[in-house]
Every structure is written in structure tokens, then in C-alpha cells.
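Per-chain numbering from 1; labels A, B, C and D assigned in written order.
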Amino acid sequence: MIAKLHVTKIREIIKETRRIKTFILDMKIKAQPGQFAMVWLPDVDEKPMALSYIDGYAGITVLKLGDFTKKLHEAKVGDIVGIRAPLGRGFKLRDEDKKILIVGGGIGVAPLAPLAEKAVEEGKEVTAIIGAVTKSELLFVNRFEKVGAKVYITTDDGTAGIKGFTTDAMRMLLEKETFDACYICGPEIMMVKALELARAKKIPSQVSLHRYFKCGIGICGACVLDGCGYRVCKEGPTFWDFEIEKCSEFGSYWRNAAGVKVYFKKK
Amino acid sequence: MLNIKVAGLELSNPTMLASGIMGVSGSGLKAVAVKGGAGAIVTQSISIAPREGHKNPTIYTMDDSLISAFGLPNQGYLNYREEIEQLKDTNVPVVASVYGYGIEEYVEVAKAMEEFGASAIELNLAYPNAGKTGSFYGQSEHLTYEVVRAVKSKVKIPVFAKLTANVTDIVSIAKACEEAKADAIVAIGPVGAMKIDIYAKKPVLANKTGGLSGKCLKPIAVRCVYEIAKEVDIDIIGCGGVFTGEDAVEYFLAGAKAVQIGTAVLYRGIRVFKKVCREIESYLKSQGYSSLDEIIGLAL
Amino acid sequence: MLNIKVAGLELSNPTMLASGIMGVSGSGLKAVAVKGGAGAIVTQSISIAPREGHKNPTIYTMDDSLISAFGLPNQGYLNYREEIEQLKDTNVPVVASVYGYGIEEYVEVAKAMEEFGASAIELNLAYPNAGKTGSFYGQSEHLTYEVVRAVKSKVKIPVFAKLTANVTDIVSIAKACEEAKADAIVAIGPVGAMKIDIYAKKPVLANKTGGLSGKCLKPIAVRCVYEIAKEVDIDIIGCGGVFTGEDAVEYFLAGAKAVQIGTAVLYRGIRVFKKVCREIESYLKSQGYSSLDEIIGLAL
Amino acid sequence: MIAKLHVTKIREIIKETRRIKTFILDMKIKAQPGQFAMVWLPDVDEKPMALSYIDGYAGITVLKLGDFTKKLHEAKVGDIVGIRAPLGRGFKLRDEDKKILIVGGGIGVAPLAPLAEKAVEEGKEVTAIIGAVTKSELLFVNRFEKVGAKVYITTDDGTAGIKGFTTDAMRMLLEKETFDACYICGPEIMMVKALELARAKKIPSQVSLHRYFKCGIGICGACVLDGCGYRVCKEGPTFWDFEIEKCSEFGSYWRNAAGVKVYFKKK
């Protein structure tokens, strides 16, 4: 069944970084890591957010960016939000994979933290590369460490860990170690590169995509990927390497609210 | 056994994708045509210029019905050219849904769509949530007549008129379409509706009101098809709450030659077209018919 | 906490029995008033002469909605006198629903009902399946105005106008009621609908088409109440698919001061009124309100 | 849940008497004796009929009377009918009752035959009084005999059994025997008299009523009884003696399609 709108309250707010807050909702949930919620702020808008907490009370972790996320950052405990969740297809942890690599950049770490937690619970060995622009913007490093993941940190400005991108750390790591599977979420250009690195080592990988969502449930067509015809909100937001290969727009453009293509700036 | 000729178009089966579903780009439509098995696909409604439509929330889901107000977002017809062109190799007829603010805009978009390769035009005279277009036209006999006539005089491909039930008398609107030489009537678009959340104490949709689609719409839409079929001779395409072959058959018995499917894509997946066709076929067989034609209008 | 004043009537709670439900005789209405706990009851629609209404089938049941066409059967107003008189000792206000073929008939029946002891008149301008009455009037601004004005000039008790959504613009009809000094608007009556059985290959109802009521009607009816409440100042009574207190609250937030309940009697029993009241009360408490008045129109 | 319309075919037709036919439907059912069906004959009408067969394929037994029942009598095996069933409240066989009396007049025997069958199955001792105008109109005598009920027959004209009414036989029987419960169905005037006889002997009794039905499911109010406010289609059609006592119209009048009272002719 399709998740219905559930109006609830904000139970707790955690300031993660200068621009990132986690909102724990007064709503218990059963979800897979990588699934998302449509989050309605009455009188403002409704937008997709990965579920960053999936056991017990649901949580989302939000980067302040434009109007919607700014308003959400202004919300207080007890404020009302509408939630449709869980939606989409989460990450797939395969029984046969013993040793996995997680690569998260910026706010892309949000769905990866619960993934790491679940993977460890299932007895897998987890290595994580967590990147951000600067040290103070690093997200959820403690959650990865707490479950015993081996954590590598990268910052663009070198204020913590390796100076550079997550993909730089990944390249180095893959030179000495191999993994059974790799899970990637972050800026699309980063995901393109990370996938290339994993592919070179024949590591099966999943990425989690962002596209402009309207319905969030696979009916409006706003998030359909060219080439493959997958709906990011329904068949995704997670895709395997062999799936995303068929999606010609990946790494190249997305579509805005009108459906017009917007090309990614190549870094 | 399911092939049928509607408004001059030869369809391999009588299920069509309804406008506004999966139609932002050619890729979504292609998925429906190829994986889904639709007999024809209708694009989202296309206008002169790009439109973002309404803010979210644009949709509210119920058990087997929806209330939605997307506000007719689209890329504008020039951008949409390549979306339509992508569909040529599917061999599934593409019906271009068009709308405008002003009759000239309907005509301009319709002409472009014909040029881009659409097999037919569907005039959106039905949609309620986007200002002076859609149902603004379809709620007036006079404007309906004028739009249909204007477009008919400028394009050669068949023209469908999609009507709204938010009128006092849908039959008189249908008659205006017939007089203006529309090739088919699509009945119906969503009916004006809304949801208020009692905890937020606000309308859920950003546009406040929206359109009701899905199962709840079916009894209303079947009634419209039936009433129109009794009074009008041009082809009718039923639309509203078709989830199963049985639903489709109800429309055929009421006089429709084909059905459009929208909301059911959500509840039965993209392959709903194939499923519905299989169900229609097994109905026809169980009742001893050898073609769809035999049951059209039987309940009239 | 649930008492409310609607169109001058003091109701102990905001749930009213909708017209046509259990209203053939006083005994059925009494059961609803006493066992059911309704704040007011509306009689079935009464005409000048006895009417048998349509043949069966008069009703088709779905999961939580109905399609029905009874054709306004009733004993005629003279016979109905003793039915109304039976209700006096319940102390629950009785609203007499009246209809006529011609404005004089509306007036004649309304006057008689006032004399028999009705607390208010509800003009049936909504019902679609009984020839030139009901929605025949409610689909015209002009006729609506004339009926309301004529009845208002002849009776002293409050007059409600019950409207249909089978119109292009319900707001303009509501404005006509306001101008004609109606005391309240009831929105809405059933929406035209039908069911065809695919094995019988015929419309199920003897009247072919009928009216949709129940859950499927709610999103349409809430939209009507909301649209009217934004434009019109007289009291509004919501009607359509109220099953639970939550449903009722949606109407209150949209601007209704009371709700009528019909179809839910079937699905939740005669005690649905008590149940709905309990649910409204627990909603009000949970949200920190101490009276119903505080939430009327909050979502406007 | 409320029984939905189910369109089916006539499977078998049994001519019971000159004016009575049983129609076995191509539809299995689970019902209590005394429950009824709304029977739709497309293009004709839809009317209530007691379920005369409730195990396996459903059956109804129809007396030819007016337009509807005449058309139904013309129907053939394979013809289509619409059924809403089971509806209403059936007879109640109470565990503590060991010895029951069944009194049926005319077509009123239809719901009593399955009642007798069920009672015997539950180990009760069943005595039945079956009446009709004349011998050839007696219904289901064989069904009662087959399960071992003690059967008394009455005919108005004396062509079989006792000459007279079922109530005459009942009066005689109650002089020498007593019963734990009594179940009565037939013309309303007969039911009034039979209830009086039972009441005099303090035998708890149930009657099964006929009224003009429209919806058949308790919403239109056509069948509401004055005095008590019961809906015959919903709280009935079966009523206990103490229930029907509160219904002032019982034995006096019914209401036609317009709701106008029609008084019974006293025999």
C-alpha cells in the first residue's frame, strides 16, 4: 500500500552542524535504510527527505538550502509536520556480502548512517568514507564510529581527515583493499566518479539519487530518468550500477519543476 | 480480440494512459507504452510556455482514490518536441493533450503537436486547478464549441475533447463538441474536491482544492459516459477509476470505445494496462464474445 | 461542549440525520433521535401527493459508498402530519424536507410542515432522480432564488436550502440562497452516478442513474462547503460521507456549523450520531478546545 | 459488512406446487435460517425472498402473486438474477431448547424448512404444523419428514390433514403437549393468533414478518414498524414475542411503496 499522509509533531531537534539539523518525529516507523519521506510543512511546501532514523521514532536530517529547508530549520519541538513515509526502494544489503564500503558526501550521509547500523547488525564489516566541505560540516561520524565501522574522513579544505574529495579517499582505499559491495550517496558528480572507481574494481554498487519530486509515489512522472525510464521516487531512489548505467541523464542533467532540463555544472 | 478503432485511430487495445500521468518526459511515456502495454498514450497537458505548476503538496492519497492539483506543469511545447519524438519507435499512438489561455494558444500548441508527430490531439477542457483554461472552457457550451472548431479547422489528425463533470449538464457540452466536429469525447477529468487535515487544520494541497480521481470517480464518470452515449454519436473514451478489466467493461457497456487509465497506475503499477487487457479478454471469452466491438453500448 | 446554534436553532449536538434516511415514518425518525442521539432530524422529502418513487433496485452498495435512486417516495404531506406529531415528545428539532413540482407546491408543503410542528424547513433543491424538482431547481440560480424567497415569505421557521454539486458553480447558487434570505445552506446532496452490472449488462438501478453518497462524496462535499464558506455569510451544514468525528471536524474546519449523516447509518448503525459526537468531543479535548464554535472555519 | 450485489445464474428450478417454484442459484452461501435475499430480475424489479436453501447453493422458493413473481416463474435455468444475501437476522435456535414447534402457513414455510433441518442437526426434537389452502399447495412437507420432524398438516378445504387453519392444529396440540420454543411464519393474521396461543402457554416464540422492502438493508426506512421502531429488514425479519409486542402496527397494517398505511383485512 502507498504510505498515507500522517500529520505528526516534531519530537526532538538535534543540531548536527552549522547548516544541518536532525528532526526526530513523533511517529514510529518501519523502513529500510535509503527509503525517504515526503515532508510537509503546512503553508510552505512538501519535499523529499531521506529517513536518517528508521528504528522507532522516524528522523530526517536536513541541510539548510532554500526556502523550504530554511523554514524547517526555524521549526520548534511540538510544531506540526505532515509525513508520507516510507517511500521508495531502500538500499539492498545482500546476504553474501561480508565486507561493504559506504561513501557519503555532505548531506548524502543522511541515509547511509542507518545503512551502516543495519549492516553491522547483520554482521557485516563496514568501512565508511565520509566527506564534507569542512570539518564542522561532517555528518554522523559518531554514528558510524559507535557501531564500529572503520571511518575515513575527507574535507575539501583539509580541516579534518584527508584533504580532498571522498573519491580521492576511495581511490586510495581501493588500491589496497577490496569490498563485496559499495553504497554511495552525495552530489551527483561525486556519485558518477565513485561508481567509476567501484566499477573498475568490479564491486557491485548502489547509489542514491536526488531528483525534483512532486508526487513522490510514481504517478506524476517528474522524476523519471531518461534512457532507462525509472522513476527515482519509485524504482529508486537507490539504483544498482547496472541499472543506473542505462540512465543516460545520470551525471548530466536533472529536470526542474516544469520538467525542463537543468545541466549539472562539472566540477 | 481487443483491437478497436477509435476516432479513426487503430488501437491494438482499448486502454490508454490518461493525461498527466508519467508524462513529464518521453521516457515516462515510453515506459508506459512499452512495459505497460497501453494501446495509446496521452501526454501531459502541454501549453505555450513552460509552467512549474503548483507547489507541493500536489497530491493526497486515499485507499483507492486521489485528490491532486499539479496545476498543469510542463516544459512548454517547444521543449516537448524531443519528448514526443522519442516515442516514434514504440509504434504506440501518441495523443497530445493541449491547453491554452485563449483559443489561439490551444490552436498554436495543437498545430505544433501535429507537426511533432502526435497521432491525435486531446483538448484539455477538463482540468479545474489552473486558472482560465481547462475546465474554464469545458464549463461553457459556447467556449467548448469555439475551441473545438478552431482546432479542428487547423489540424488534420483526430481531435478529442476531454470534458469535466463539474457542469450542470455534461450532455449539452458533449453536443457542442459533436457540432464542432470533434472526433471523440473523453469523459471525464477529475471532479473538484479537497482534503483538510484536522491536525494541521489546513487544506492539504498547496492549491487548497484539487481534483478527485480513482475509484471514487468511477460511478460519476460511468454516468457521464452513459448519458453522453445516449445523445451523441461520436466516439466516447471513458476515463475515471478504471482499475480492472471489469471497470473497463462497465465503460464499454455504457457506450465507450476505449478507456483511459490514470490513478490505477499508482495502485496496480505501470503494467496495469496489460493486466486490464487480460481481464477484458477473459471477460469477453467467458461471455462468449469474440471481439470488443460486440459489447460497446450494450447497456444503453 | 458540542451544543451549537445553527440558523437560529439550538442543537444539543451538531449531527443531524440527512433527509431520506429512515424517514418514511415517524417511528424510524424517532429511533434515530432517541437511540441514535442525533442533534436534529430531517424528514424524508415530502411532496403534495403520495408518491411511490422508483421501482427496485433503488440502491447499490459499495465498500463505503452507495448509489441510490429512490425517486423521493413519500406519503404526501397530509398523511405525514401524524408522523411529525409523533416526534414532539423527543425534544429533538425536526427539520421537514420539502419538494414540489412548481414553486407553489414547495410553498404549500412548507406551510403545512410549519403548522404540523416542524422546527425548520429544508428545501430539497438537490435530489437528481425525480423529474422536474429537487436539483431541477438547485441547478438554476434564478429558480433557487425564487423558491427560497417564496418559501421564506410564507413561513416563520428557519429555511435551509439543500444544494447539489451537479452544477458548474455552486458558489453562485449559494449566493442566490443568501440573497433570497435562506437561513442556512446544506451542502450537498448526492452526485449523479451509476453502476452497470457487467454480467447482467444493464444498469443496476431501475432508474438507471442514481446519486452517489457516502465516503466517495466527502472530498467533493468538503470542497463545496469550503468554497461556499469563503463567499457566503449564512450558516452552512455539511453533508456527504460523514462517518466519523474526524470527518465531521473536516467540515467544521471548512466552515460548516453542523453536519448531516446519511449513508453512515448503514455502515455504523443508528447510533452513528452518538459515536460521531464522542469522536468530535475527544478531538476537541485533544486539541485543547472547549467548544465546537472555536474550530468553525479554521481552515478557511 | 453489508452483502453486495452478486449477479449469478439460476442453476435449477423445482416446481413445488401449482403456484410455487424453488430456484436454486449458482451461488454458494453461508446463512442462518430466516435470513433473506433481495432478488433482482433485470428489467423487472428487486424483491425480498426468504432463503429456503442455505447450505451450499442458495435457494429461494417463490409464490406466484403479482408481476415480479410471475416473471420469476417464467425464468429458465441459466437465466441471470442478482442477489444480495444473506440479509437480516435469522431465527435463533437456543441451546437450552430441546423441543421446538414450527408453524408455517402457505409460502411462510419457505424459511422454516431450513430451520427444521438445522434444529434436527443440533439435536432438537422438532414438531411442525404445515398449512395451506389445499393439499396441492402444501410446501416442503417432505423436507420436514425427511429429517424426522413430527408433521401435522392442515388445509383450509380439508383435502389433506386437519381441515382448518394451522392455528386450529396448534391449539389442539398445545392442549396435550408443551414446547420450549415456537417459530411461526405465515399470513400476519395467522401469526397474531399463533403468538397468542403460544403466549397463553408461556412458550417463547419467534415470528418472521413481511413488509414492503426497498433497500433491504436498513437505510430507507420503508419497513420500520410503528411503536417499536424496528426495521423489519435489519432488526428482523424475525422477532421474538416480547419484541413484536412493542410494535403497535403488527397485525393491523403495513405500509405500501409510498409509505401509506394499508390495513389488513381481518379474516
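Criterion: contacts are C-beta pairs under 8 Å (C-beta built on N, C-alpha and C of every residue); 3 or more make two chains touch, one makes a residue touch a chain.
Every value quoted in this text rests on a predicted model; they were computed, and no experiment measured them.
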item: For chain A and chain C, chains touching each; value: B
item: Distance between the centres, which are taken as Cα means, of chain D and chain A, whole angstrom; value: 68
item: Intercentroid distance (Cα basis), chain D paired with chain C, Å; value: 36
item: Whole-Å separation of chain centres (CA-atom averages), chain B against chain D; value: 51
item: Residues of chain B whose C-beta touches two or more other chains; value: 62, 199, 202
item: Residues of chain A touching at least two other chains; value: none
item: Graph class of chain-chain contacts, one of line, ring, star, complete, other; value: line
item: Which chain pairs touch, all of them; value: A-B, B-C, C-D
item: Contact footprint of chain A on chain B as seen in their complex; value: 20-31, 35, 44, 50-53, 55-62, 66, 68, 70, 73-76, 79, 197, 199-200, 202, 204, 206, 262-263, 265-267
item: Residue numbers on chain D that touch chain C, as the complex places them; value: 2, 4-5, 7-8, 38, 40, 42-43, 45-47, 80, 82, 84, 213-222, 224-229, 231, 255-261
item: Complex contact set, residues of chain B against chain C; value: 62, 65, 67, 139, 166-169, 191-196, 198-199, 201-203, 208-209, 212, 215-216, 219-220, 222-223, 226-227, 246, 249-250, 253-254, 283, 287, 295, 298-299
